[in-house]
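In the two complexes that follow, subunit A is the common piece, with subunit B as its partner first and subunit C second.
Coming up: the complex of A and B.
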């Protein structure tokens, strides 16, 4: 205890002093200075790298005329449809598959662990090389996929990136290929946290297979599954790499999503404010998702 | 453990701030003679070597220092747009993309470089002088905002070896527009008959990525007599019957070729470099693509291909036997407003555009880019009869009739190109089954909407 705090102890606290101490978090003397020294860099970093870019972005996209220009752009209209479709299909198919595969990887055996290591590879490799490889593989004339089809079955494969819905489908499958291992491992961890006693008890009562899944696994993992789905939706909404490197937004700019159209508007059209406006237009979808996610994370209920 | 008192905390903070202040004057002093410069990386290393030599020679001659960053094309483009948006700009960069001269000239974001251009005005090609100007919507006047350093046309690249394999000679190539391009359909048929399952006659970029599809469409539009779709006063002429007829013809030719299977199907979603790659892979016999990047890219590794197997030429005559005007793009130096060292940036440009300096610069870069001065292509380098590419390329860009790309006339055209309005029309015909006339009506309507935002007085 330093001398200043010793003096403080003997002095009757006035209302102003009490308030001051409250603001100082009940810290005394050098403790308060240490606290400041630790927190100031964080606040400075937060202001420079989080608050400033967000406020700057809001300012850049604040003109109402930008949004009328944006909504009049036919490419933007198809982009909104693509984004909704991309989220609905990519997220849900991916999460359902992750849930099912997490059950598969619960099986015992060293070979299952080895298989899991291989399975994780798509998530572990850098996005750029993975998606560019897929782009080349899907090339209609000399891509690996169509060459394989011709070699094995003497059939000419489709031109995967030439038609809007085929290209969107290719991008969705690529996204799932890339992200599925991550969510499988998360749900696998969730499943492993379920006490085995519950399953043993159920087995004594005669429940096996699907019954155990429906009545034990699913209810206990539901909260985790929902939280993961919300998180995945937020991540997928901001997913730039898949579309940009697999379809390039084509053909004819018809496979853009909100994450890529902003870049197109900002740099291809040389209209950065319009690019920011495109990204801002995702906020009505993003903010409710974040609020719901935060509410879920605050839940007092103890559940997996 | 030592406690940090309030006083010592403040003292140390002040000491740190003071140290920062003392550290700064070195940079401030250096800024007096140092200019920051960004330039796009070359397609081949020789281009970067040429650039570094110019800068090193200038530094030696002037005593000034150039802080040069050579940046790949796409990231540089994003960096430039970001810099112009934030206001934190270098002193000099190249026009990447070319459209920014017009787009940011409109917004009064360039330093006027008339004094720089004046030093070589007599030597410049008239098209270069036209392309280096932009309309300023603040001053309501056109002025020189770009300093032309290089130029490029859109030549036709052909695999001589494939033409000959099909049983033809290059001398068999027809001289007029439709006959010339139809010739490659026959070449494809002959090659397919020899078992080349995946070879296509025509490498048309019917995509909506990059500049290639715009250049291709405008080449056909001009070839069919629609040159006046946009005029130097920045006005569109969509209601001109000759323009509309040419616009429909151009769209019909390109899309019919695609639908009939003479264009690689993946061309509908090619990116900027895909046509180069497809050409090198002999996926197609012919490619209409800007600059000599296709040829210089393989010159060192495959000299036999450069000298014997690939041929280059300008556009054929129009269907009625008249020369077709080629559009020329110019690589310009730009000084953004807010630049800290305009004086050095201008000095460097004045030094660089001296005929002997810029002439050596384009030659060291293997001739991918042409100079912007007609006299320079009289140099033996450009007229080498042993080189199957350079003489024709130089003739097309500096001797034959040329005009700048339309976007220099009005930023609306830059936006039409960036939106790929013509590519969307191609897609409407190819994938959506729309008639070419209806697709052109739709494209013209979109173009008019964009024009409404940019009224050149």
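Coming up: the complex of A and C.
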């Protein structure tokens, strides 16, 4: 600060100008006002509907006693295990399948294109419609799945949603059903962006299918794959609809994840602070994820 | 801020032509022909598996909707006496749980439309200021947008709900619209800025020399040239609002202010759930987004970047 003012002595006018330039950049008078007017709606919205709730939430969840109450709750303990399982399985199985299927959809032919249009359907259908259909489909007594198993193989199917691990598995599979098409299309786009001459050269050198995948496609798409996986992790962490519609947190509150337990604590138990505390307990996982993702999204793109 | 705008416009057709050009017709050596045959058979098998996987829940939805009320609790895997009764009941509000169906459908439509409009308006204005006018310290705004994009919406629901109550906005569709717009706009800004890079800045420069004001630049040059990205993001915002449940559930509680998902979910765990009506409702509710998605699919692809679904 001192050195700056020392330099500025004797030229107050230019200092004023520097300050103006600092705020306005290259824009002149009225143009700067326009630019400001264009950006103000977003900033106002961000402050009122994002920044304020974030600060308010941090304040609500700032009592240390909340956390001892939370960690002592056996339902919260099972929720943490469920969340880890949900993230580990749903994200990775989905992304690996998406990677493989994006290769499948590179095949030529009109019927592949038709298949892709049907395949994308779960993503276009609203989560409510898809998930309540799955919910009833998995009903132990009258559900379509068990009826099908009985009609085809004379097997009595399980009560899918009445047992913790079966219900958790059902939720994971439902999540994959809904989200897989989207990530497949994204990775398909990544594959399409690989210049063809690379493959041509490899073909000349005698590389075939599997080797092309391992030595060309995979290294080139790895960056995109990793970013997608991180992004999907954070979206899956916030996924409320799947658990809520498919298992409803049941049986006996044993299939909650952090995204649903907060709402349950806040509204079913009427303890909003406990709900916020449950959500905040995801911060140790969320903050590093957000930092890594911000860096990746800002700098790294599909750099092929 | 290059968030992976993979240009997918060319998707499948290009793959076809590309592959066709790189794989000249093979010499029909028997071993090659057999391998090709096997590969095609495997592809066909995989296609069948994918079809069953994709369509099972959708088939279930349609099948139950076609059942008559007395027929829902049965072990058939097809409707024994298919009828359109449940669709009729839904469309005429002929069951007590469907009393306000059209009103609720209208609410969904209103929230979806407003979310789309506001997302496009605020997103395009912000991206114009950031990307075209290059406002100083714009990177701060870009970063807050990016940050909002990676915060799960469901994690903010409780404080958001309380704040809306203190604003006196509970049971008001605008509280929901605010929430949807807040979580749709960051992605819009990211995509618009990215897409805007393809429009040469010289265009703005020469218009400015001709005396155009920033507002004219925005309306007459920026918006028309951004049309493909606007369509893609409009579709995205509408699908986001249509998929969203949590905020609608928390913020709308009266029968006449709630949306279709909220009304439908009330019966999810009830023993008296009229499943055939619920499935018919679910199908009617799914029709607009599916129609819009397929109508704008090409455009969607053009602007589709990572993270087109959230929450």
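One rule holds in what follows: the second predicted complex is superposed on the first by the 281 of 304 C-alpha atoms of A that agree within 3 Å, B and C clash if a C-alpha of one lies under 4 Å from a C-alpha of the other, contacts with A are read in each partner's own complex, and residues count from 1 in each chain.
In this text, contacts are C-beta pairs under 8 Å (C-beta built on N, C-alpha and C of every residue); 3 or more make two chains touch, one makes a residue touch a chain.
Predicted model, so just to flag it, every value in this text is computed and none were measured.
**Q** Now for A:248: first (subunit B), second (subunit C), both, or neither, which partner does it touch?
**A** both
**Q** Under the stated touch criterion, which partner chain does A:288 make contact with: subunit B (first), subunit C (second), both, or neither?
**A** Once the two structures are laid over each other on A, A:288 reaches no partner at all.
**Q** Does the superposition put A:127 against subunit B (first), subunit C (second), both, or neither?
**A** A:127 sits against subunit C, while subunit B stays out of touch.
**Q** In the overlay, answer first, second, both or neither for which of subunit B and subunit C A:259 touches.
**A** In the superposed model, A:259 contacts subunit C only, not subunit B.
**Q** According to the stated criteria, A:219 is in contact with first (subunit B), second (subunit C), both, or neither; which is it?
**A** After superposing on A, A:219 lies clear of both subunit B and subunit C.
**Q** Please indicate which partner A:167 is in contact with in the superposed arrangement: first for subunit B, second for subunit C, both, or neither.
**A** A:167: touches subunit B, not subunit C.
**Q** Which partner does A:75 contact after superposing on A: first (subunit B), second (subunit C), both, neither?
**A** In the superposition, A:75 contacts subunit B only.
**Q** What is the contact status of A:151 with respect to subunit B (first) and subunit C (second): first, second, both, or neither?
**A** The answer is second: A:151 touches subunit C but not subunit B.
**Q** Counting residues of subunit A in contact, which comes out ahead: subunit B or subunit C?
**A** C
**Q** Using the superposition on chain A described above, determine whether A:142 touches subunit B (first), subunit C (second), both, or neither.
**A** Both partners, subunit B and subunit C.
**Q** On subunit A, which stretch or stretches are contacted by subunit B in one complex as well as by subunit C in the other?
**A** Comparing the two interfaces on subunit A, one with subunit B and one with subunit C, the shared residues are 30, 34, 36, 60, 141-142, 248, 250, 266-267, 272.
**Q** Quick check on the complex: what are the subunit C residues that touch subunit A?
**A** 1-8, 10-16, 18-20, 22, 43, 46-47, 50-51, 53-61, 63-64, 72-77, 121-123, 125-126, 128-130, 133-136, 138, 141, 143-163, 178-179, 181-182, 185, 189, 213-215, 218, 239, 242-243, 245-246, 250, 260-261, 264-265, 268-269, 275, 278-279, 282-283, 285-286, 289-290, 293-294, 297, 301, 304, 306-311
**Q** Quick check on the complex: what are the subunit A residues that touch subunit C?
**A** The touching residues are 22-27, 30-32, 34-36, 38-39, 41-43, 45-46, 49-50, 52-54, 56-57, 60, 101, 104-109, 111-113, 115-130, 132-137, 141-142, 144-145, 147-148, 150-151, 177, 179, 181-182, 185-186, 188-190, 192-193, 196, 199-200, 203, 224, 227-228, 231, 234-235, 237-241, 244-245, 248, 250, 259, 262-263, 266-267, 272, 275-276, 279, 282, 286, 289-290, 293-294, 297-302.
**Q** Can you check the complex and tell me which residues of subunit A touch subunit B?
**A** Residue positions touching the partner: 2, 29-30, 33-34, 36-37, 60, 72, 74-75, 139-142, 159, 161-164, 167, 247-248, 250-254, 266-270, 272-273.
**Q** Could you pull out which subunit B residues touch subunit A in their complex?
**A** Contacts found on subunit B: 3-6, 9, 77-78, 81-82, 85, 97, 99-100, 103-104, 198, 207-209, 264-266, 268-269, 271, 278, 281, 283, 414-415, 418-420, 423-424, 426-427, 431, 446, 449.
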